[in-house]
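One chain, chain A, links the two complexes that follow: it is found with chain B in the first and with chain C in the second.
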Partner chain A sequence: MTAREQEYRELFMAEALEYYESMSRHLSELERTPDDVPALNELFRLMHNLKSNARAMGHTAIGEVAHSLETVFGLIRDRERAFAGPLVAVVFTGLDELGAMIRAVGADQPLPDAAALLDNLARVARGDEPVLPAPAPADAEAPAEEDARKLELSDLVYIQVRKLDKLLNLVGELVIDRDRILTLAEEIGHPALQATARHLFRISDDLQYSVMDVRLVGVGVLLNKFPRVVRDVATAEGKEVELSLGGQDVQIDRNVLQIMTDALLHLVRNGVSHGLEAPAEREAAGKPRVGQLRLLALTERDDVLIEVADDGPGIDTEAVRRKAVERGLATAELAATLDEQAVWAFLFEPGFSTAAQVTDISGRGVGLDVVKRALDSLGGQLRIASVLGQGTSFTLVLPTSIAVKGALLVELDGRPYAVPLLHTDTVLALRPDEFSVVGGLLLAHVQGQAVPVVPLRELLHAEGTEALPAADKTLLQGPQQVLVVNYNHRRLGLLVDQFLRQQNIVVKALSKPLDAIDLFGGVTLLGSGQVCLVLDVPALTRLFVARRA
Partner chain B sequence: MADSVLSPLGGRAAPPAPEATVQLIVFQLAGEDYGIRIEQVREVTITPEVARMPKTPAFIKGIVNLRGDIIAVIDLEERFGLVKTARPLPERSYTVAVEAADYTIGLAVREVPRPLRIPAAAIEAAPEFLQDSGQRERYLEGIAKLPDGSVIIVLDMRKLLTATEILRLPN
Partner chain C sequence: MNKRILIVDDSFYMRTMLKNMLTDAGYEVVGEAANGQQALEMAASTAPDLITLDVILPDNTGLDVLRGLRQQSPNAKVVMCSAVGQEVIVNEAIENGALAYIVKPFSEERVLEIVGSALRGDAA
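Moving on to the complex of A and B:
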């Protein structure tokens, strides 16, 4: 049995035992007040869930008993049978036997034979007299099977995500202090202290990964909600869609998934309503009537990818290019030079997606900026692939966990700043004569591409809404350190004083009232105890675009 | 109960018990004594290393690491306009960490703050006209008169620490 199968079995056991206990409680209530409708409804619901779970896990015998009991509860609910007389004894026996069967599954033992029980359940369902064992029904309610019926606690604990969040925050603090202690131990140079600090390092590392592991869920918990969504949208839009799901077992932090829920909902709805043609249109284009929509999760190094792909008309790149110019997102000259990736990136700009006619032209666009915002908040990336006439795929690149981020530390005016690696492209040291100034903009030439460069200092200290000062090459003295960052297919060079190092950081959110300043994604503490601001590359890029001279 | 007794306007409705006292943390701003109720204060500490935060008004001196919490430190003398120009904090200063509903903020002061217990009745409501007049007066709870004739200006941090108020620039 694989670890995954083992985990599923444990989950089944925990849920089944919980259902069993709830049902025992509700059944006792029903016995006291036979017309207790809520208790009856709850019994029916729980039994139905147990039946589905048991069948899904291949425990057909449990499924059979649960099915028969569900039938009896249904008859009682519909007032065709009364919860009275010999039926009560049969139902109680049935539930006890169901409990014994669940425990047998847990103990890996053969399941008890339920033929007699099933026969009796069928009898009461038909309204016939059940065949009861020798003791009178009154005795059945007495605790006759004391030894067989043990009290058991589940092996699983349900826990609120809020508590896990707190645990993760505490581990984050611990990791920061650990780094501080390690630095101090090196400074003091005491061998025993150093050894202890290294041990502390390993333990807290383990602890951190254990806590991160606890928060992981299968992407399936979200993906499995989509067949219904797709069906509803397809029905409303008169589309025929076949949805295929894959990679439900891929593990991801629960909160990362939570943050992406709306974004994924948008992408899937869009995929059906705009990404796929109407059946007649598809047939006219020589495609099968039924459109294909694929939702696939997979892992790539430390990242989780979720892909939403359709076999629709694809993105009309030229239409998007024209629209971007009309919307003022780019000048006609600039737009003409952009490659298709850069053009597609416009689809996710806030100003772009709200226009209804865009959807008609490009087949894309409603609310896609929601996707970009959610990705930005996680430091994720978006990949787009599209072939005209054949289809489009959007791939969300997500961090597995939100706790730790790789970052490059840079120094400016004697203070460290962290830039998440997800947004860094390359670092360069350039002589002043390697820059050029075009239209007041400082440009560096990176891999054959002209990349605008701005002193980070100017971006951080730009006041009000004035344009940044025009670039002046003569102000550059000596070699310049350029950090090229990348956001939404836009590259931007930031002039910094020096590069410090690369390291994993634990990002803490800025507390009020400073959280209103969007240039910073948060703050981290370095091993030296120094406070280090984490730069938000999307916000810096937006600021640069808005203020460039 | 303490709140109703000490409410500056609640004199007649809930007469203070004779032994009711208030504990304040008292510090100096521009040579005058100011107090904050101790229940609004989380701790008093020597100001840790301050990291200047770009894009913030000058009276926000920056952010500090206070036992793992990152909090903003502000200079109330500048915030209240008690000094004409912004200036850096001295080599050694003290931070009074005060708690708002959902965050903590540090007030940097130049002299060591001290605790002081005074009778609740010693705090008089600030006159109405004062409350409307200036920066500082907007956040007053009242003025405490001490037996030796000195006065302490008692600030109500809950009024100051709303997120919009704290970032407001001095006039």
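Moving on to the complex of A and C:
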């Protein structure tokens, strides 16, 4: 069953049970006041809906009974039949049987046979006498009566996200204690304790994924809001735009989607106002008048990608490069050495562009730093692809869930640190002679690219606004462990003492006064009970850029 | 430009199914109304190109809503939705300016065919 079929089935069941309950109530009202017109109208309407929905779901037997009951209600409403005599008994039996049929659908059981009921409903519709069963002895009838009058509650519950957040936090705590118990059990070496700890591990793992699963929503809940946005911006700007959506069924944590809402709104608006040319301009360039904008969600390993792509003019890399220098985001010398990707990344820097340049192609950066901030808060990444004259695509790489993060554990000065995998590029062991020093910067050559390298210790101990000490190759003794991290297309090598392992971590917010230090994204507890700080790669990169010698 | 559609139906299940069909086909569903009053308010605020209108709404207002919509939003095309057995109301609806009707339970092809031709202005 597809996700959509499952959704239809759940909606059908929830609504059918709701209709059944309302109809039972209205039928009792009708019994007290046989000419209660509003009650009759409601009975007719609800039965009509149940009929339509049952037929759409392929439950023809329910549809048939509902249709016959609807006909009888119609006749009563039109005063061709009275709600009196044997008709009342047939209608009540009919509604009870309908309830049993709905319950059978919900329980995946065969539906009870309704031939006798349909025959009686046809009889009362024609005005004939129904065939009613002879009254059974009172004691024999009781259990059947009880069974038919069960109270039904809907199978769906609505939950506030706040409650799910609390549940997720509790699971996070549980997972940390579980790892601790597992480690202790191994240390103590008691077989029964070890077995129990392993069982606890499996159960809490299952619990964690179940809680994460409950929080997932289809990306469509957000994407489906964009046709309106695109239409409004296009109308205001005199653009002709065709929007295509894809991947609405891709599942993502509700809060991740919530955090990205504004960012996506900016990207889409930007795509229409700056990513697509005016119709006349497009025709002059030999393109169709109507610009194409695509919003596509897909999954890649554990991540969810949301792509915003246009078939507009593409990014004018040289214009962005010039502007980055004008805005003081890079020196002319540095800007000249940057590749396309690194230049494009300037679009998402705060202060790259101002409203005065909105009409300029290179002015696409208006407000795009919002995108970067939202991505940073989730540990997400941005991919940019652009071909001059053909179009641009921005891809948001998002974690499916915020609960657990993959991380690489490294050691420095006897302490463990966790680095989120989303930001780690590669790990290297290099000899001192494999480094070079240029302008006070230590450089390593990674896949043909010169990557600046800095001892992690120097970044963590940087004080005030002092520049980092100039690199000195002679201080490097023996093989060096380099962790290459990646942020906003900028790579940076961090020297650490050793690599420990890769593992999933549950990140907790820092308590005071550590939260004043913005180099850490949070803290996690390792199975050994050791506290491990989680490095904030964007903050480290910014610190390095600001303080390099 | 994507055509904009308002769905009026008192069943959430039915609205969801219609919305999925129309959205998948590239239409923009600008609103979903569950009763007559909501339908008139949403039609006024969203100015849809087309409205799918269930004939049987709470308070028995399907036809009243149709007449209200024709007055209030004369440019919006209206397609009636109805299950079999409501031919009398459907005929009255057509006399009151509805362009076409879709019979429930509907197939995706049929919905798109009727909505498409109503928007183009052909007879369905």
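By our rule, the second predicted complex is superposed on the first by the 390 of 549 C-alpha atoms of A that agree within 3 Å, B and C clash if a C-alpha of one lies under 4 Å from a C-alpha of the other, contacts with A are read in each partner's own complex, and residues count from 1 in each chain.
Please note the rule applied: contacts are C-beta pairs under 8 Å (C-beta built on N, C-alpha and C of every residue); 3 or more make two chains touch, one makes a residue touch a chain.
Computed from a prediction, not measured in an experiment: that's the story for all the values here.
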(request) For A:Val523, select first, second, both or neither according to whether it touches chain B, chain C, the two together, or no partner. (result) first
(message) With both complexes overlaid on chain A, does A:Val531 touch chain B (first), chain C (second), both or neither?
(response) first
(request) With the two complexes superposed on chain A, say which partner A:Glu129 touches: chain B (first), chain C (second), both, or neither. (result) neither
(request) Going by the touch definition up top, name the partner, chain B or chain C, that contacts more of chain A. (result) C
(request) Give one of first, second, both or neither to describe whether A:Pro227 is in contact with chain B, with chain C, with both, or with none. (result) second
(message) Going by the contact rule set out at the top, does A:His67 touch chain B (first), chain C (second), both, or neither?
(response) second
(request) Scan A:Asp35 for contacts with chain B and chain C and give back first, second, both or neither. (result) neither
(request) Considering only the touch criterion stated at the top, classify A:Asn53 as touching first (chain B), second (chain C), both, or neither. (result) second
(request) State which residues of chain A lie in both footprints, the one left by chain B and the one left by chain C. (result) none
(message) Residue numbers of chain A touching chain B in their complex, please.
(response) 173, 176-177, 415, 460-461, 508, 510-514, 516-517, 519-520, 523, 525, 529-533
(message) Which stretch or stretches of chain B touch chain A in the complex?
(response) 49, 51-56, 60, 63-65, 68-72, 100, 102-105, 163, 166-167
(request) Over in the complex, which chain A residues touch chain C? Could you list them? (result) 4, 7-8, 11-12, 15, 41-42, 44-45, 48-49, 51-53, 55-56, 67, 70-71, 74, 224, 227-228, 230-231, 234, 240-245, 248
(request) Would you tell me which residues of chain C are touching chain A in their complex? (result) 1-2, 4, 10-14, 16-17, 20, 23, 26, 28-30, 56-60, 83-86, 104-106
